[in-house]
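Note that the chains take the letters A, B and C in the order they are written out, and that residue 1 is the start of every chain.
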Amino acid sequence: MPEPLTDTTLAPGTQASVTEVTAAKDPSKGSGPGKPRSLWGDAWFELRHRPLFWVSAVLLVLLLAIAAFPGLFTDAHPRDGDLTNHFLTKPQLSHFFQADWFGYDGQGRSIYARVIYGTRASILVGVGVTAAVTIFGGLLGMLAGYFGGWIDSIISRIVDIFFGLPFLLGSMVILNAFAERKVYVVIAALAFLGWTTIARVMRSSVITAKQADYVTAARALGAGTNRILFRHVLPNALAPTIVVATIALGAYISAEATLSYLGLGLADPTISWGIDISDAKDAIRDNPHVMLFPAGMLSLTVFAFITLGDAVRDALDPKLR
Amino acid sequence: MTTIEKTADDAVREGAGDDGTPLLEVRDLHVEFHTRDGVAKAVNGVNYSVRAGETLAVLGESGSGKSVTAQAIMGILDMPPGRIPQGQILFRGEDMLTMAGEERRKIRGRKIAMIFQDALSALNPVLSVGYQLGEMFRVHEGLSKKDAKAKAIELMDRVRIPAAKERVSDYPHQFSGGMRQRIMIAMAMALEPDLIIADEPTTALDVTVQAQVMDLLAELQREYHMGLILITHDLGVVADVADKIAVMYAGRIVETAPVHELYKRPAHPYTRGLLDSIPRLDRKGQELYAIKGLPPNLLKTPSGCAFNPRCPKAEDICRTDVPALVQVTEQDGTELPGRGSACHFWKETIHG
Amino acid sequence: MGRYVARRLLQMIPVFIGTTLLIFLMVHVLPGDPIRAMWGEKAADPAQVASLRHEFGLDQPLWKQYIDYMADLFQGDFGKTFGGRPVSEEMGMAFPVTLRLAAVALTIEIIVGIGLGAWAGLRAGKAVDTGVLVFTLIVISMPVFVLGYLAQFLFADELGWLPPNVQDSMNLQQLLLPGFVLAMLSMAYVARLTRTTFAENLRADYMRTALAKGLPRRRIIGVHLLRNSLIPVITFLGTDVGALVGGAVVTEGIFNVQGVGNLLFKALGQREGSTIVGVVTVFVLVILLINLLVDLLYAVLDPRIRYA
């Protein structure tokens, strides 16, 4: 168990300035004796005052709810098409939460229902890839950063090799080989190529944390490798990794949609925004709504994740304040 | 009782002497910073003046407002969050705070120059020192790139940087700390300004190099007959070079005095505390004195005298009334020229 | 300097071999038989399949295939397509097109990205800053294909300002729209990075010194701030080539640009290994060389970097 993130472990920079010259110019940091703030405490203070943070947080909660319980949000069925009655019907924007709210697509299916039911695949891919790369890339990055030497050399060279391969291009090649592309296949393919980013971030932040004075102090006091790694280095190296992972999550969702759009990602019967956008491209001139809603929903989801990660990063980075 | 005592302004202005207007005069300067935790009052009514050829040392702890005052004079305060709600900064009798930006810019560097504490971060890391020195001539005097470079080499020779010609194209990180500070000094001296503000010019240096740099600064000042404001927290640096001292605490001047008198007979408990906390050989073996407590939080300075929570002599009046900077006199009432103290009990402190 | 370049070039060799091996394995080990796939749903003649397999060397052990491939590669031979044309010939037609598209994109990226970022960074915390931040977040959130259709719909179909498709890749006006779409994502990142470094460096001590020297604002920003702030931006531009390449596949599809992206996409559809490996190999080489170039440029901009 990592210990609670107190300011002694996390805020070497923010504490030291109590009596420094900066106290006069910038009392926001360590303004006076008696009320030091921790890094996370400070970050939370910053976050609470950011409208973008709240926008993204609310969006995310909503999206997660839709992904978990799509049936709560619509009665319409996403796969039932009625070509005779509903072929390319325009949206009825006043019919809130009705099947025809966003209109019907070229196969007479409710676009609203498809948008709702498509959420799960995107969120699953995003969360799945992020979890996989964070565990795998994070572990390798930590090992490389902490132990250095030949372990670092080997891991770094492997990272270089994978990094040389453009992410989208590589996943196209991999997924092209699979006839049946289920969600877990897409997750595996994206994670296989995506772990290097996290590994690099983790490696450099572990190296930074390792060189911090409090780690030297802990070592001087006789702390063992495990203790130093898990109680001192890891908690401090985690912040940048979490931020990058959150932003990457949005990028993975975007990548999945792009691949599905190219016909190389998820395939029917899975419901995915990317597939719907791909299907819609021939109809766009006369019926832009067929593309507008899945594309809008997709962008909104990516926006929520990227904005959240972004807000957290800004809040964690005292340099930007 | 207060009626016979002169106000702070009078005490300071008298110290400025009688040969016309001083080079620089700061009058009742206030600076505050607006932060998310509230308004930090960094400078609360500072008055001081410098004549040509004179060295004023401004002494104080971190956060006493000494650097902020200097930045306000220089016009390089970050505004916002900084704000100057009140006060005047007169350069040759003209208030710089009311000047147009362009007018003020022309004074910066040419008439008033500044030397910063940490030359490594104060010099631009990606430009050669020759470029940075030559820039002064190119911008203020319109010299060509080639002439400016020749001038830069001259300057580097002037501050005794060995092999100036070969090193003019080097970058700041390629010089030692002492050499970098010489480059800072050269940059400030470039256009032979009337006034130089040196903000802790030797704090970041080794002790052996400190003396060399201070000597160089003092020598150049004499040569060009410049005014010098020396900002420091180091009483040792001050004694050799300064003519007069202003001690700052929590954004106010708490004591002013000609340099040697201050050392002999401090008139403020804070100054006394500072002097007592210097390690001395003749007191070897005794415990070193330290002023108890921490500098005040500028967001909520203590009521009354800001020093009262740390003062060994504090009484009730110190917690309620802000003491004004008053003329210090001998016991028989003769005025001590240039001396002022902002303590309710200055008499006890200086004579007791 | 010369030694540093030589050492970096030597270091590139294992990475190049590793990456090409990776792509080679990805194409050949993963399930799916390209020769069999030529017949689609129809039944294939086993003899014909075997002879084709032999012709393309697919009956050899994998390690031998790779070594043969690399040996040919060093003589400039990228193998043949299923149609019998040399892959190098196909790529020779497609690469200049993509290069032109990328150049247009990169120009837009640099000019608009740095411009927007500098604008926001100099007014950090003000409305302009927030506006640019939200704009970049929206751009980053939109996948390239959404952006592409949106731009095509808006600027070509509705407004009619620019042609919707690229018939002639030498025509700059036709490349403008796809170049713009391809640039958008990276442009947003460049803008954000520039904004951050600008805002950060504005508070640097040397900026205060520059102000104290009495330099005009133009010079403080144009010389002292810009030189320091461009360093991370240039590094980013170098590492971003990969993303540009990925985006090109989608963009070229939408705007019918006959570039490498299209070539690759067609090859993927036919599972034509030689073209896929060839295109990706050239990309990897380009990316590695650009990274080297950026490293060298980095040292020109930042004298603190020493070649050791």
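Methods note: a contact is a pair of C-beta atoms (placed from the backbone, for glycine too) under 8 Å apart; a residue touches a chain by one contact, two chains touch by 3 or more.
In this text, all values refer to a predicted model and were calculated from it rather than measured experimentally.
A simple rule picks the central chain: find each chain's mean C-alpha point, then take the one closest to the mean of all protein C-alpha atoms, which gives A.
Placing every chain at the mean of its C-alpha atoms, the farthest one from subunit B is found to be C.
Put simply, the C-alpha centre of subunit A and that of subunit B have 51 angstrom between them. Once the centre of each chain is set as its mean CA position, subunit A and subunit C turn out to be 22 Å apart.
Chain centres here are Cα averages; for subunit B and subunit C they lie 54 Å apart. Residues of subunit B in contact with two or more other chains: 78. Across the complex, subunit A is touched by residues 14-16, 18-19, 22-23, 26-27, 30-32, 133-134, 137-138, 140-146, 149-150, 153, 157, 196, 199-200, 242-243, 245-247, 249-250, 253, 264-265, 268, 271, 276, 280, 283-284, 287-288 of subunit C. Residue ranges of subunit A in contact with subunit C, taken from their complex: 52, 157-158, 160-162, 164-170, 172-174, 176-179, 250, 254, 257-258, 261-262, 264, 277, 281, 284-285, 288, 291, 295, 298-300, 302-303, 306-307, 310, 319-320.
By the touch rule above, subunit C contacts subunit B in their complex via residues 203-206, 208-216, 219, 223-224, 227-228, 231, 301-304. Every residue of subunit B that touches subunit C in the complex is listed here, in rising order: 74-76, 78, 105-110, 113-114, 116, 118, 121-128, 135-136, 139-140, 171, 173, 187.
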